[in-house]
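The structure appears right after this line, and notes come after that.
Chain naming follows the written order as A, B, C, D, E and F, and within any one chain the residues start at number 1.
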Amino acid sequence: MKRGLFIGRFQPFHLGHLRAVEHILRKEDELIIGIGSAQYSHTADNPFTAGERIEIIMKSLRQTVDTRRVYLIPIPDVGEHRLWVSQVISYCPSFQTVYSNNGLVKVLFEEAGYRVEPVPFFDRELMMGREIRRLISSGGDWRSRLHPDAAKYLAEIGAEKRLATILKPDF
Amino acid sequence: MKRGLFIGRFQPFHLGHLRAVEHILRKEDELIIGIGSAQYSHTADNPFTAGERIEIIMKSLRQTVDTRRVYLIPIPDVGEHRLWVSQVISYCPSFQTVYSNNGLVKVLFEEAGYRVEPVPFFDRELMMGREIRRLISSGGDWRSRLHPDAAKYLAEIGAEKRLATILKPDF
Amino acid sequence: MKRGLFIGRFQPFHLGHLRAVEHILRKEDELIIGIGSAQYSHTADNPFTAGERIEIIMKSLRQTVDTRRVYLIPIPDVGEHRLWVSQVISYCPSFQTVYSNNGLVKVLFEEAGYRVEPVPFFDRELMMGREIRRLISSGGDWRSRLHPDAAKYLAEIGAEKRLATILKPDF
Amino acid sequence: MKRGLFIGRFQPFHLGHLRAVEHILRKEDELIIGIGSAQYSHTADNPFTAGERIEIIMKSLRQTVDTRRVYLIPIPDVGEHRLWVSQVISYCPSFQTVYSNNGLVKVLFEEAGYRVEPVPFFDRELMMGREIRRLISSGGDWRSRLHPDAAKYLAEIGAEKRLATILKPDF
Amino acid sequence: MKRGLFIGRFQPFHLGHLRAVEHILRKEDELIIGIGSAQYSHTADNPFTAGERIEIIMKSLRQTVDTRRVYLIPIPDVGEHRLWVSQVISYCPSFQTVYSNNGLVKVLFEEAGYRVEPVPFFDRELMMGREIRRLISSGGDWRSRLHPDAAKYLAEIGAEKRLATILKPDF
Amino acid sequence: MKRGLFIGRFQPFHLGHLRAVEHILRKEDELIIGIGSAQYSHTADNPFTAGERIEIIMKSLRQTVDTRRVYLIPIPDVGEHRLWVSQVISYCPSFQTVYSNNGLVKVLFEEAGYRVEPVPFFDRELMMGREIRRLISSGGDWRSRLHPDAAKYLAEIGAEKRLATILKPDF
């Protein structure tokens, strides 16, 4: 049984993430999607709760991915990087390979003895996530970058109004 | 879409839990299994990590349950009960009904406006969990109370030795 | 300006506390009522939130005490006793005298250079609080031990049902 | 009984805050002044402890406000916004209306079912607070922006020296 | 360079601990004394601060041990056992062998790949520590179980009065 | 017995720190080196664990300083400045004088009644530390600013690669 870990904040999960999941599942038997900074929500960088992120991911995966091969695991930050690696290991079923393009994640998991592989075909998460959040807050075209079912869900929970209000200076 | 939350510590997930899951899934479209006290492990009351508990639950469900209808969500304690309800709500996809036989859980979720239903056909979690942990630590017959695949996994990770050592006084 | 600190958990504030407040206010210009363990609620030992405790105290004081001379300050525990003293000092207006019958409070504040005086005419808080909580949970005569307006408020928020459910074993 | 919540950090409480309190008390029977970020002090943004802030507010209110209608409640941050709303509700007597000009506060309390109203006649807290802190640290004219009794108290506790030293780079 | 870790709470460090240190230093080049539960003090189980424990240990070691070969490192608990191992490793210089008679410590460090050896010639810490604390609180003969310089220091800081007051019920 | 406290983050301990230690030890009988922000590592500002910092300091001191007169004490941040002073006092053997060039440290310890003295002959920690970390990450000449044994240790643990990877944007 080969199992990989794909870790990110997924604020929100977009088509770049979806392609990455599909790619990794061609190499691994099972995939853990670790939802980092799980405890945060309602901020400019982390607008959605872990539960909302899980709904977004599930709606994005359902049509093209066998979700029985996928674990969605919220992982709260601990604020101390060395402990964070132990935290990830404790919260997840066992895995052998970590998929990440983040330098710190690479250092920490390699020091703990794991193989770390880059995420291919993947627009860089940080910038793309930030750009999508900016588009949501300003009424731009963010829907085309998400799975249609995820976009529909975000509209239902009032994502545009939430982000606009959070990002607006005092009125 | 009707979604229920079944919350417990699942140390470990046993046949009583399995029957409860099967029962709830006849009433709900989807079920969230909330794995409480997620951050703890290696103690007498919480011997297994959240990741290990997820593996045990998955192995127990796979043969008889459509796991695409189930979410496994580790939820760390916050130590303050009012905040804990908000924590549960933040970590989980939306749900309408909570399944629990615990008085405090019932009070807290009812005060927050949720419906709380007892878990039928369910041997009482606390006592049964404690009894199974005692059996594991002392080499008794704990295997018959778990799904065979879960019991096999526990044997592989050395559950008997771990529990015996944790519970043994200083040597 | 002489200011005293009367510190307790006040779960709930009863007639013994009220007499103590009246007594201290004959010796001090102003009194801080420090509501300890402020973050806890819905447990057997700490059933009421800090906000509920503030309402109970205010209703108890209003008829006989000039509340302009009184500060009600919730103080969360920090779990480390030395830091807790700094925490109390940080959360409160300056004070010179601490009123408490608790050994640890006495040691900690004396080591920090404060005068600590016993609370006279005061039935022992811990036992009395515990006894009143037991009476609330079992439908005994708890009302006669509280100020009538406090008892009325507790009835309105469903204190009896909350305590009975918290204290009841799994059903 | 109509009760409002006016929430801010009050670093320090100034004449704009005072006018806001007077305004709200014409609409509400009672007012809770929630002192946010209560645990912080001795930083550029949060120079004063919760206890010092309570003294400043009390000295500012006493001459023109019936303080028996006002609750001063320090509320520590929890770092997670959803939990913070539960924290505020737990620390305060019950209230119906929140007064705030902050977008995040508005989103969070509206999602929790509260009415949120802007604070009228109120110079914007963030900028004004920051400007006053700058003036204190640099020996500018900060006294005219505070109630005279609050300014006198700040002088007594050495606010100018504290802020100048905190803000000065290493010497 | 062979380095060992001897971990305990040392409440207080007694002659059994001293013999253990002398023994381990015959087998190791250097020894780390990890002072666990470092953040606690003024409780029945953890009466002394980490700083006081460091003074007690130093006074106990100075006459017979080359303290240049010894590191005294306070290590706060994190409350989660898996993270605690990472915490210990992060706070200490690198080491190869752990000396402990505690089952949980043995399990945790063996799972992390360390060698764990029992502490020979060593009266059982928990019971002996508890017994010594009881003797201090009740004015019994605790001095003969400590190094004379450690006993003298404890007398100077008022250990008997502190423990008696902490352990005494409300007066 | 005169004892001083020299507090810093020591990321890493360099020749400026070494000269400061030698200077202070001419005025004090013993010196506590308090290693602040002890819990952090693997970040741009705090790349090294407390344990690694202890090794670096020990290797730097050994040839010219009698380490029996020195205590190396990791002190975790508490995030609240007033509590942090209590934390420092709790973690350290008693001391009379604090050596620091930081404004906040000076204010906090003077308010707690300690003497605070500047660190003479000492290039400013913050800038120098930051500059050295930049040099390590970019392969510049950082070795000449550290004790040779400390530099050798940093090379062995792969400090250049760690800092380069942490500081590099996503690849």
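The rule is short, and it goes like this: contacts are C-beta pairs under 8 Å (C-beta built on N, C-alpha and C of every residue); 3 or more make two chains touch, one makes a residue touch a chain.
Predicted model, so just to flag it, every value in this text is computed and none were measured.
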Between A-B and B-C, the pair with more C-beta contacts: A-B
Interface sides of chain A and chain D: same vs different residues, half threshold: different
Whole-Å gap separating chain C and chain F, where each centre is the average of the chain's CA atoms: 43
Gap in Å, rounded to a whole number, between the CA centres of chain E and chain C: 37
Numbers and ranges of chain C residues touching at least 2 other chains: 39, 41, 49, 80, 82-83, 87, 89-90
Overall pattern in which the protein chains touch one another (line/ring/star/complete/other): other
Every chain pair meeting the contact rule: A-B, A-D, A-E, A-F, B-C, B-D, B-E, C-D, C-E, C-F, D-F, E-F
Residue ranges of chain D in contact with chain F within the complex: 39-43, 49, 161-162, 165-171
Of all residues in chain B, those that touch chain C in their complex: 79-83, 101-104, 106-108, 118, 124-126
Chain D residues touching chain B - in the complex, by the definition given at the top: 78, 80, 82-83, 85-87, 89-90
Residue numbers on chain D that touch chain C, as the complex places them: 38-39, 41, 49-52, 54-55, 58, 67-68, 71-74, 76, 87, 89-94
